[in-house]
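Structure first, then comments.
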Amino acid sequence: MSISINLHHQFPELTLDVDFDAPAGVTALFGASGSGKTTVVNAVAGLLQPDRGRISVAGTALLDTSAGLRLPPHKRRIGYVFQEGRLFPHLSVQQNLRYGRWFAGLRGPSQAEDHLVEMLGLGALLNRRPGDLSGGEKQRVAIGRALLSEPRLLLMDEPLAALDGPRKAEILPYLERLRDETQVPILYVSHAISEIARLATTVAVMERGQLRKAGPTGDILADPSLAHAIGLRDTGALLTGRVVAHHMDGLSELAAGGGKLFLPKVPNALGEQLRVRISAKDVMLSRDRPVGISALNILDCEVSEIRPGRGPGAFVRLKAGADHILARVTKRSVNALGLAPGLSCYAVIKSVSVARADVGADVGTEASSDHA
Amino acid sequence: EQITVFAAASLRNALEEVGNTWAENTGHRLRYSFAGSSALARQVEAGAPADLIILANEAWMDHLDGQRLLQQDSRVDLLGNALALIGPAGAAPLDLGPGIIERLGDGRMAMALINAVPAGIYGKAALETLGLWQEIALQVAQTDNVRAALALVALGEAPLGIVYHSDVLAEPRVQQLARFPSDSHPAILYPAALTVDSRSEAAADLLEHLQSPIAKEVFLRHGFTIPSE
Amino acid sequence: MQFLSPEEWTAVALSLRVAFWATLLALPLAIAVAWWLARREFWGKQLLNGLVHLPLILPPVVTGYLLLLTFGRRAPAGAWLEETFGLIFAFRWTGAALAAGIMGFPLMVRAIRLAIEAVDPKLEEAASTLGASRAWVFVTVTLPLILPGVIAGTLLGFAKAMGEFGATITFVSNIPGETQTLPSAIYAFLQVPGGEASALRLVVISVVIAMTALLLSETLARRAAKRVSGR
Amino acid sequence: MSISINLHHQFPELTLDVDFDAPAGVTALFGASGSGKTTVVNAVAGLLQPDRGRISVAGTALLDTSAGLRLPPHKRRIGYVFQEGRLFPHLSVQQNLRYGRWFAGLRGPSQAEDHLVEMLGLGALLNRRPGDLSGGEKQRVAIGRALLSEPRLLLMDEPLAALDGPRKAEILPYLERLRDETQVPILYVSHAISEIARLATTVAVMERGQLRKAGPTGDILADPSLAHAIGLRDTGALLTGRVVAHHMDGLSELAAGGGKLFLPKVPNALGEQLRVRISAKDVMLSRDRPVGISALNILDCEVSEIRPGRGPGAFVRLKAGADHILARVTKRSVNALGLAPGLSCYAVIKSVSVARADVGADVGTEASSDHA
Amino acid sequence: MQFLSPEEWTAVALSLRVAFWATLLALPLAIAVAWWLARREFWGKQLLNGLVHLPLILPPVVTGYLLLLTFGRRAPAGAWLEETFGLIFAFRWTGAALAAGIMGFPLMVRAIRLAIEAVDPKLEEAASTLGASRAWVFVTVTLPLILPGVIAGTLLGFAKAMGEFGATITFVSNIPGETQTLPSAIYAFLQVPGGEASALRLVVISVVIAMTALLLSETLARRAAKRVSGR
């Protein structure tokens, strides 16, 4: 296991109790405001001394209270992107960026730096000071600073919350590449399911200081019992697909869910595996194969489970080829279509409703256990 | 040869005049340290590199003597002084009697610390002798040194003050109203001595010179007296 | 120049030398003590704190007397220092610097400590996660951020050192060229008839020097503060 | 006009030039990180002195450099929710909340306060200090503090960015009510289109210090020429509908777009007007009326314009009754369905794809000009 | 009590009274001056700054002499104050307090100014948007945030006031029961051979008082700092 976190800490008004292991890749911490996410991250960084606990990264123990081990923060070799920036006000943007490199024994400018500066759009800011930066600019510098120190573990506490959509979209692939190319595990706090779906290998859901559930991203996001914790709109399945063609009209064709999936062009080469999040709310069901309709993706499915919610909606779990799809429809439609487990039907998904952010390089849990 | 002289701060003008001439004539180099007598005495006790010391205070010299820090038989009472009752320039002369109390009114009598600084100790003794102390005691403003008492009168803050005769000369804003008889208080003496640590022949020579007639003339000019043997 | 006698120039030069060294040598110690007092809990903290403030509380003459009792040539510490390091304070300009440094020490510590307490520990934490050990955090983050405080403290120390008199004259006496600083010279002039004018000249010199230092420190502190504000 | 902003300011590396009027209600400032949104808000608050400009709120001038008028911040009676909280560290949460009331001449506890405390979930935090709060908790207190001072203008700089979905969903209706019931105009900075769509009467889009375009929310969000500035995923039309029924199965029925629109239950009474944002990406087109499909909303439309993008997608503008709908489909579908202006077709919209956040009480531009 | 003579007790009581009033009255002025120096640009700022530091730079005797020249009964300011307000400093304990206050003033201003400079103006801005005028911003935000600095400054001022001697004795001389503070009494004992023991007793009293004040101020400052940290 790549990250193993076991923590117990008593705040006056909150008891923190967390215990989970996560494979390499990105582990997302998800939970309501005040549920203890930042606290967990601080404990991993060594900034909070928990009452009891054991934390190890890729086999190296950072903390083991029973053995009296408490590695000081600067020896943990972590890169921490704080929720509130924490840039050094007396240093220029460039000096901030290079701060950690120096201590990591990495001297001089580097290709990584040039690349990162460009990707984060910091080129024009290098000689400015944090006081003159906008909120989003600050956060970008903070991300660059943590990445450039080449840490063995990245902690990111809502790193993209202050960024606008396009900027987010630019940074996400970089984090993905980081996840896939380097083997740096990432502990990632976010409220945005689209980020989590795209990046996370593992998701840990927290509730009032306690771990509600942890597991592979696909399982957690598609778990109807967690739908309320995660948000009804954000629950959905992860499909794994293989790129089979790039069409002239800007669409890429994937083999997924036992059929074809057309998506706006993906950058991946033919044959590569991709993961695609299909929000349950974006899936339409039809008894007959629809014709003359603008949706390009029509998958042949079998209803495996129907889970009516408290409101007007219901989750319908479908088997599509080897994969599972989750659809959220109204109870009225369930009745109108006469849906029931075992019945076959068609899932209709619009190409454009699969956002860029929802498509990411695949990182299987199998693959990741190699790094453990 | 270099000689270090520790001397009470009030001796500065006179001592420099005498000493510098002597140094020029003999080719020795003279180094002074002017400070309060108590500070100087303590420093000598602590091993200060002084060859010759001149204090404005007999008690401290006795103290050093008792500690065997002085060369035997080198101690002399080098100078004397007189006590003066002063007032602002232009004030009428005054008899040393109840007139003082009248002149004082509800003003203050400026004196050095009456239990600690020699000028204050002598002044108090003189007033006691004259039978005036009881009435004046509560109106005394004590300063940490004589010059500060002089300043109080010079600035008009105090109508009367008691200082050394030698202090009055150079201050045009004050004037001597009366001179306390020398028997109204213990003799005001500036003892001088060589320290045990001093190996300097020249220092003994200087001490000798300070008692010479030429030197005496200078000291007298600065308002000091020469104690009669 | 005619304005001052050679002996007076010597006093000016000596005062500068004394104040310079006193401040320079006291500074690192003041920073260290200020850091300990601001950021650490330890046994005897209040004792150390009290000790640091002592020269402020005691009349300077007492401080000078205590110095004489401790670092005089006949005193244990003084004798030991002389034997071991050949370091003599008694009646040397080094002693004047020691006295001046000690008198200014509480002022330096206070200013620096206030500055340290105003530094957001979150920035120091951020630095530590980036691999900086405690010492490096101090050098690269804390120190630059407290620079305005350090400058203010240094100025206070320097000004005090330039003005210190009571402890100095009591400890190392008033020997021209060796221990006669400007304030001692001023004192000596004030003790003799007609010395006021000379004293006044020296006071003016004192004030000019101190004001120059003050202006310099303000400029430096402003520049440092601007850096710290992140602009 | 309720808010009128005309600003010119020169930063070393950015020239700010903004000029727009907005009616009462919520005016959203939208734009990339560093485009100058916070700067505009600061100028309105009086915290930045612009080189030149005129700012007035509901007819009262706050700034008029040509007339030499620069009202100091404390006389502007604004409530400012800062991008970074800025809570008073030495005051408890409750004292923070009450800070502005005191100066506004409002003494003692108030109903508004109790209500707000509950709505923002601050009940358990009242006696805590800001240092002990999580990031989201801080932001909630900051919102409460600004609201409680009963300002005549609210400035909100990404107030919800640090909040999780459920909390956002709870606070949005309150802001809506604020907009509708009190006549406090709100200047609202956000990256989240769903918030803007729901709240804003007017949207001002900024780009590198300049105003790109300002106008009624519906026009701006449905303007395909702004699609890149706003984000392809977020472009969509605003429909106005009237509640005609609340059904037993938890669905509400609206008359909109010349047909029926079924949505998860809305809290509004029968007959009330609502505004509903339909993301272009959630609209599917069909030449024939689809049958046996889970989507409940099928609107009869006429294609009025087709705007192909650079990528594989195209915006299709449709006339549905008196309203306009925007659909984003692939060019491939445009061809396959043979879509062309004038053609009639069906827009298929899933009930559940209309998020709670996308449904809000209507505030027409007509109504708002009353307040001007 | 046998430990001290009645006259010595009087000196202790007087020292406390002088230091208390000196600190109390200097404090608001010190805060105001510190704020002006920290947050405003105005003509003559460096002049005011220099003036504030003067008592630190000058030998205390000179300060005392200047006070005498300014606030003596024959001096312009002194005469005016006496005529207008019936306020007399010369030879009164009020004069001792004035001298002590002036000597401690630079220390107070420095500490408070450092604290003010460390306050984030963004918080003050936030307060102003909530309707607080500049004065109210100061009272409700700035002041609570600088409290640790104010306490530190107050302590420095108090300690200096307790230890001040040179300026006091020169300005108001030494009148038992009226202007004889502890340091004057200590000085007097040190002037006579064998007076060390008596001086030591008074020094101990001084130190005990100052240490008590120090401990108290540390506790207060810590509490204030905890508030300010937002916890």
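As written, the chains take the letters A, B, C, D and E, and residue 1 is the first residue of each chain.
The rule is simple: contacts are C-beta pairs under 8 Å (C-beta built on N, C-alpha and C of every residue); 3 or more make two chains touch, one makes a residue touch a chain.
If you're wondering where the values come from, they're calculated on a predicted model, not measured in any experiment.
If you take chain A and chain C together, no chain is in touch with both. Counting only chains that touch, the fewest steps needed to get from chain C to chain D is 2. Here the two chains linked by the largest count of contacting C-beta pairs are A-D.
Look at where the CA atoms of chain B average out and do the same for chain C: the two points lie 35 Å apart. Chain B has its Cα centroid 90 Å from the Cα centroid of chain A. Spacing of chain C relative to chain E, judged by their CA centroids, is 20 angstrom.
Residues of chain D found to touch two or more other chains are 84. Multi-chain contact residues of chain C, defined as those touching 2 or more other chains: 61, 65, 187, 190. For chain B, the set of residues touching two or more other chains reads 36. Here the chains touching each other pair up as A-C, A-D, B-C, B-E, C-E, D-E. For chain E in complex with chain B, the residues that touch the partner chain are 61, 65, 68-69, 72-75, 90-91, 166, 169-170, 172-175, 184, 187-195. On chain B, the positions that touch chain C within their shared complex are 4, 6, 9-10, 12-13, 31-36, 39-40, 42-43, 46-49, 145, 147, 166-171, 223. The residues of chain E lying in touch with chain D in their complex are 122-123, 125-134, 136-137, 140-141, 144-145, 227-231.
On the chain D side of its complex with chain E, the touching residues are 45-47, 72-74, 76-80, 82, 84, 86-91, 99-100, 103-104, 129-132, 145-146, 149, 155. Across the complex, chain E is touched by residues 36, 38, 41, 59-60, 62-63, 108, 110, 113, 115-117, 140-144, 148-149, 151-152, 155-157 of chain B.
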